[in-house]
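As written, the chains take the letters A, B and C, and residue 1 is the first residue of each chain.
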């Protein structure tokens, strides 16, 4: 079986996990981007991701690969969630995890604090600060809000390795290229204040936040991660096409802040072109590797058509389930391993070229980008 | 040769066929989405679909696979169109066909009535009612029109298994999420009445029809099929991206009406995401399997990256030519058979997983969805 | 190694090359669509295109395939740029090149005049006139401008084999279907005159130019090439989707002028559908074959899903570096050769079908389209 032989994996985009017991349907509900109950007669296990979970996870709990979902869930309960979590994270064999701390629960249960995640995974854990989460906690008056969010972000991001934006979920990526006018931001902050400081969805405020993030990242020397491509049903897919960010990318280019386009799928070829065209743009494997299951090599191949080899980064985007760490890592090792074996068999590159590409995507690009 | 071993095929979206003799160029004209004469020096047989026709159909008429188009057409005439139709439909070996009756002719010749199609194909045939065709026959006054189309659709759909919308051809899929105002519908119906009740293309009327279909389908417990993706030159491709339906999908979700996104290509990955994100959304293989010829496994693989295995449905979208039934069925059996053989060889799933997925897509998903 | 055995290659879209010595970083800068310096720690050689250059070019200079970039650059300097250029172009073995003369320099050095390119390549060279370049040289008064650009284009295109538009770079492809009003064109020409006749970016003028090109091409019996899909950072990717041209394609159809959609990637499936739906539309391999390196067969497969086999044309889109001629030709021979070998092994077509498709795409479609 093709398997990527690299000394270390740096997971540059992930979330923490639940180590408590989860009901079967709650656990299954973390194997899909949907937050709704499954359609009649269907289960999230009956999917490309479900196949990948049943391929890679049962062996970590002492069952054969492809064990039925029911057997796997029974074995997981038998071992206990804490032990299963420990085994799954250990099998993922990650060296370093950059964890987005904007989400704090999954399936109604709290996520492990970063120190406990680090211990369970045997990995170095660093924080990625979620822009909108920080901003939603700011209760300054309208006139102060534009500055207060910058101060709050700078404070939150100090010691972190990156800032992450979920603009794609809140408004979509079709934003004007240039900064919004301060007066418009203050007016929108006033409207939000009167509405009770809820979830941030106003386009002007979100747009201001994006530029606030550019300023803070420029000051601290951090990259800015942006969710692009598929996600949960909050998102409208065609509005998450990273090409919609082109104007912003050009306007932010003088800042020198690296922009890391997360996921991208099914617009990963667009993300790859942006990474080739603009020195500041990087691109990500993300949850695509896990979610596309048997198709991981083909999708990785599509990403590598235009993405510079020094600008594609491995991540699991694991969230909630420790299974997703193992699946993300194993899919990457198997998928990129298989792709590069095919390339060599076809005469497209040498073994040394393949090894270098593998090490870069697995860890070195992230180390260089995040100064780890 | 990989071949899907499933007990039955349910073709959930197709049209009837011409059993009369057709001139060679008329027959060839039904092997392309174009309704124009071919460019100088080209023939519709010189395409991925043409290769698929010449692969699967000659053996059904006693010729070797890949026989030249001229030999195939000569043999077809020699046997007679009726006998050729019988042989081709029999070779398709379909168990059940859900037939869109909105089109009644192809190549200038009438399509077989459903009873004759059923007899020739040896298949159970059920009707799918085409929304816009029903509505175009309604000649009520403007004030009555909004209700009259509902009554006409309810009557037409009683006894049918689904309603189908061709909004993608008439306006594209970028519709507002919510129902149009009644006053706007009445005004638009008045304008249409004054213009002589022709082809329905007014965006407000089309939008009203979509919601009429939701109401009628909810009442009768039927799914609503929507054309998405490629089709004939009437259609503007990027306006047929199913992601444009996202707002409508969310607004229609409380009705519980299943929305079946037909075809989707080249936006089938977008359709698959919608099927994963929203319990009410299903997705379809459609004419893509036939039209992409040698590439069918790759395209099926792309669909299965995100589509829940319980929500992808086989169809031929055959229209006019009995060849398209055989080609659709054979392409599916060969293409999915090959894909699943590759998955197993790669260790991505067990044989039992592959068999279950195959049975679901081939027939069981359709049986569950349409309550067959 | 699969290799397309065709008697000749006609490169229907390319540019001339620099035969002078280039500094290593300047040469590397011609291996990416970016016009910026590479990101820290990256080089354009570390890309799919870079792998393809290192696969095909070192043997033409007496080194083994996959020689390191530094070794290749050293050997190139040792031979001298003129000799290296001669060897690389000879190895490309092109029969005919249709050269876009709109660009006259690369990496700060002048491109070879067409006669010298023809001699170095041992190929017949014909000219493709760039629409916007011709128009930018017209300094007529505002009232005369609409006619003067037509006259200038007709003069420039006499003796050429096609006209090429780079509208995608200047405004994007979202243009109104119908011709702009003359009064609007005159007003825009006036504004441009007052601004000093610089780079043409006004949407009305660009739109007028497109129709001027249709008129001139109709008069001279020439095809009109249009850049679509990826390119350098001037371009906004989603605005280069060829589907945006649908209205224009329909409006221009009565003129009979063939519209050749160059490149298309990552919207090549959209371009292929347009080529199937509209007799006047043709589609192109373009720089995609070179830029996607190890993935060329997969991308070619995607193009051939819907593109009529008589309407896809080989090109290198080589620019600046003679390496790109050899890489484009070799990638095509290897990629299409591999794809067709796979198709035959799968039983999807006969050997005769594969050979015919190969000859068509390699040369005969271009000979028919450009009346060579």
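Here, contacts are C-beta pairs under 8 Å (C-beta built on N, C-alpha and C of every residue); 3 or more make two chains touch, one makes a residue touch a chain.
Everything quoted here is computed from the prediction, not taken from an experiment.
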item	value
Angle of the C-alpha superposing rotation, chain A to chain B, to the nearest 5 degrees	120
Interface residue identity across copies chain A, chain C - same or different by half	different
Chain A-chain C separation of Cα centroids, rounded to whole Å	36
Shared interface positions of chain C, touching two or more other chains	298
Contact footprint of chain B on chain C as seen in their complex	241, 243-244, 246-247, 250, 258, 269-270, 273-274, 276-280, 282, 298, 301-302, 304-311, 342-343, 346-350, 353, 356-357, 360, 368
Residues of chain B that touch chain C when the two form their complex	1, 32-34, 36-44, 46-48, 51-52, 54-55, 65-66, 230, 232-233, 236-238, 265-266, 291-295, 298-299, 338
